[in-house]
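What follows are several structures.
Common to both upcoming complexes is chain A, partnered first by chain B, then by chain C.
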Partner chain A sequence: MSLSTHTTISGFLLPSIHSAPPFFTEQPNPTTQSIATEQWIRLILSYARHRKLFVLRVEDAETTDGDWEEILRNDRINRKVLPGHLSNFMKVMVERNLAGYEPPRQMRSVLVYWRLPEEWAEVLYDWVVSSGQLSTILTFYDITDPPIESPLTNIPIPLLRKAIAILGKTGRSQLIAIADGEGVRFLPRSK
Partner chain B sequence: MFYGLLFQQYAKRQLSSELSRAQVENLHSQLNQFRTALVRFASTHRESIRSDPSFRHAFQQMCSSIGVDPLAGPRKGGWWAELLGLGDWQYELGVQIVDVCVSTRERNGGLIEMSELVRLVSKLRGVGEGGITEDDVVRSIKTLQPLGAGYEVVEIDGCQMVRSVVKALDEDQTVILSIAREQGGRVIEDHLIQRKRWTRDRARAALENMLLRDGMCWLDAQDEKSGRAEIVYRKCD
Partner chain C sequence: MALQRYTTSVDGSIPVQALLYNDEELLANQDGVGIYDGSQKSPEHQNGTVSVTTHRLFYIDSRREIRNSFTLDLSFITQTEYYAGLFKSSAKVTLHLSGNPTESGPSEQGVPLAQFDSWECEVCAYRNPPGLSPAAARVCGLCGVPRSAIPAPAPVHLSSSLPSSSSTSLAASSSIHNRTEVPCSACTFLNHPYLRSCEICGTELPQPRGEFKSAPSSRPLTPDPDEDGAATKMMKISFRKGGDKPFYAALKRSLKGKAWEVQVALTSTNNATNAVGMSGISGILRTVESSAQGRENNMKDALQDLEALMVKAKDMVKLAAELNEKLTAAASSAVSTATEPEEATFIRSSLSQLGLQMSNAPVTLDMMTDERKWHEELARELARVLQGLSGSNNGMMKERGIIALDEVWGGWNRARGVALIPPSTFLQVIPHLHACTEPTIRHRAFGSGLNVLHTPPYTNAAFAARLSSYLAMGGPKTTIEIATEEDLTVGLVTEMIDEVESDGGICRDDSSAAITGGGSGTGVEIRWWGNLFVGYVWDGQE
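Our next item is the complex of A and B:
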């Protein structure tokens, strides 16, 4: 077994453990399994960050040509992560607040927090301040699809809501009902 | 006459004690010379001994051939060790070995190849390849013995490995490890049955123990041919 790193088509550097066949099997020894899970979670988060992926579904382990194929399969050694295995990683990630089930009350799809909601809140606030939109009423669409691409482009609405709620706790955001739904206004940091 | 005899005896004794004193003095001065020579050697070559692995090896061989243990001595570490700082060097290396063994234990189940250990310790020390040798590692592991942590150098099928778990490898595990070496780390029950004429129960029990009880190997359930293979550890090059 010669293990080596590998760079995928999308330019992501896979760690050498990804070329070890047993990495794709759930380990019966709990200690070994927790090590493997640790490695998988790290891999999922860094790949999500690399490709700016937000949603991970159990189905991603069943389909080919999915967003996650580069890490969930390794055709060079003919191994893949099975759906049940993937759903275990998702469960552990949710337990550690590295992901959240979305929609809630199901276990087949998660939002991956490659930035924690608290971090997204700061990224959001920084963007609002630096683009001079303090005190302006913005729609969610203004944030998720701004004319100039921002770090928040394509952020899923549930995650955006979390970030807005976190800023709300320190009085930096305010949800406002507007004609066609909801808007948000960001306020200067109170002294 | 009587006095004369007494005097004679006295003179003899005097002479013999003078003789032995001269011998002792001679010995003392020889010892002093030896000691000065050693001190000079140690202080001139101190750096080379600490930094040059082949020089260190030669020095250690010289020490053992004249029956001097560079680490032993009445005082803490011995004066050799104090002069050379070699005692500290060896202990420091020991600590680094423990560091590498403990931090890789979850990956390798407490059994690491010598070459891999040397590589990781060198990396930890920030020195290039050749900075430390297998010989140094073996020596340092010996200095760890009084701690009773069970560090040991074991040979599996001609490949030196360092074991950092107290668990002893039983005979079956040693056989499995040597098969794993040949097969690039992959072991299946059938190998053990065909090659070693084990019964299926024995093969299964030995593998299950390594997998479940000892955490020394990983399971691969997607193996093309057998559907189940135990991956024991990386091939020892």
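Our next item is the complex of A and C:
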């Protein structure tokens, strides 16, 4: 019963509990299960951060070569997370605002907030300031796919909207309707 | 002569009850009677027993019961007279007989052969049982429809009168009257054929001798009624040993009831429902209902006996205890004599067969005055059953530390044998048990509702500790492996493990989460692990 950590091909360091078969089984005891869920959420978030993954789907528990395979399956102990189990984690994450259902009003896929929307807002603003684009009108595409790779590359549009909305509350951003869609202009800090 | 004509001989060695039809009922018996044939004593029937039923009169001769016994259908009796007796003359009942026994004779002799078959009603297909009286056998017992074809060669006038009239014998006798009545030559009154002079005016009647002489030659044995005269149309029963009054009353009642006529109503109970109500579906329903009622009554009677027996339980136990004490005392006083007397051995073996071996007389409620005391006493008794007497090795829990409650209850009652303990009392006794046992036996209820009695090593805490160390030593285990280790049944161990799991002592690994090979087939295997979540510190990538 000696459990050890393991480093995956992508260079992620799996925790030792990932090698314990009970980790992949739903525990009927609520106390035990809440500890397990805690560890699972931590694992999902850190892996998402490592791989810069934004979307987690229930189907990822069933596909063999998805982005999440390295943590949702453990071939060394012949265990995998069952879809029902995974959707429970997702539910808890949404409740704790660590994820959001996307698209809304369904429960089979989530946006994983490995940075909270508030944190994303700060990252976005910092990037805008550092790249000297204040007061310039930017399209969403300019942000998600900039010529030089940024922390915001590939950020999902819904998450980006949230971040912009948060900046808008403090008067640092302004949504503008332009000819072929929407644009945003970032304003300098007022105070 | 009347005796020969109207009676049928029976085998008197058979008890009367066995000779009855199914729908016939025995009403009264009287022994020490003699029979007069007409006004003369019948020499062969001077000492016997006479019985009256709803249908017939039986005479069973006490000396030559096979040859001289006979039965007389009550339907022949037109009138009875009672003579109370005087000085040496004993009380007599005179029976006036009429009707033509040779007319109905064939049906009496023919149907008995047929009526001891069962037959199927053509209307409702009800299988009629054999053994009914001739009249009742002619209609279906369930739907009340007359039997269409009587297999016996039934007389013509009988079968033709069946659909129109329910009282066949009346119709039969009236048709005889019509044929034989004699008109008076003076006043033209139609006189009974047996009268010699006119009933109204006293003129001597012409004797219809010739008419009878012309009777069909197929009945040559029919005796000439007018040769015997009116006197032979009767018989007397002489009660030499008394008992005449009750017997006569029963006879009167039976004659009044005319059970042989009321064919359809026979099948119903005593309530005077009309014959129409008894046929058809309502009749069938009523028959079913009344038979169900009868069954219920029988059941109630049977259970009442049982209850009465239970009331006597205390007395039985006491009696057995006393008997046993006496036997033991006698045995110890007579040690020198080598063997116990045979009777004593017999009584002892009977007692043990009844479950009353008295080394430990069962405690019954009425031995105790106080209910609490009673429960404590019962708890002491139960403790003996569970742990055995000191030194002996036969307690139920001597070898086992945990045992299901139902098994304890069954075993205890088997040990008691009498005055069994109901489950409610058993449950009341259990809280007192720990005070009487060493090591302490306690009760434990599992989540599933399973109740057990257990010794200290089987408390939840003790078992959880044992299980954790076992898992730590030997690695993850299945329930069956744990059951083998603990030497308990799988069901019981499952309950105990579930309890440990719900306390967070262990966690499970379900093989349905396996990538390959898991979750298929029947056995989803669960392996138990020590709870590795508790106290886990994150050691993966931040």
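By our rule, the second predicted complex is superposed on the first by the 191 of 191 C-alpha atoms of A that agree within 3 Å, B and C clash if a C-alpha of one lies under 4 Å from a C-alpha of the other, contacts with A are read in each partner's own complex, and residues count from 1 in each chain.
We take it that a contact is a pair of C-beta atoms (placed from the backbone, for glycine too) under 8 Å apart; a residue touches a chain by one contact, two chains touch by 3 or more.
Given the structure is predicted, the values throughout are model-derived calculations rather than measurements.
Overlap between chain B and chain C is detected when the two structures are superposed via chain A.
Of the two partner chains placed around the shared chain by superposition, neither chain B nor chain C is touched by A:Q133. When the two complexes are overlaid on their common chain A, residue A:I35 makes contact with chain B and with chain C alike.
Of the two partner chains placed by the overlay, only chain C lies in contact with A:V81; chain B stays clear of it. Contacts of A:Q174 after superposition on the shared chain: neither chain B nor chain C is touched. With both complexes superposed, C is the one of chain B and chain C in contact with more chain A residues.
Using the contact criterion defined above for the overlaid structures, shared-chain residue A:S109 touches neither chain B nor chain C, since it reaches no partner.
Of the two partner chains placed by superposition, only chain C is touched by A:F12; chain B is not.
Of the two partner chains, chain C is the only one that A:R73 touches; chain B does not reach it. Of 58-66, 76-84, 94-102 or 184-192, the segment of chain B whose C-alpha atoms clash with chain C in the superposed model is 184-192.
Across the superposed pair, chain B and chain C both touch chain A at residues 1, 3, 20-22, 24-29, 31-32, 35-36, 78-80. Across the complex, chain C is touched by residues 1, 3, 5, 12-18, 20-22, 24-29, 31-32, 35-36, 39, 42-43, 46-47, 50, 73, 75, 78-82, 85 of chain A.
Within the complex formed with chain A, the residues of chain C that make contact are 472, 475-476, 501-504, 507-510, 512-518, 527, 529-534, 536, 538-542. Against chain B, the residues of chain A that register as touching in their complex are 1-3, 20-29, 31-32, 35-36, 78-80. Interface residues of chain B facing chain A in the complex, by the touch rule stated above, are 106-107, 184-186, 211-212, 215, 218-224, 229, 231, 234-235.
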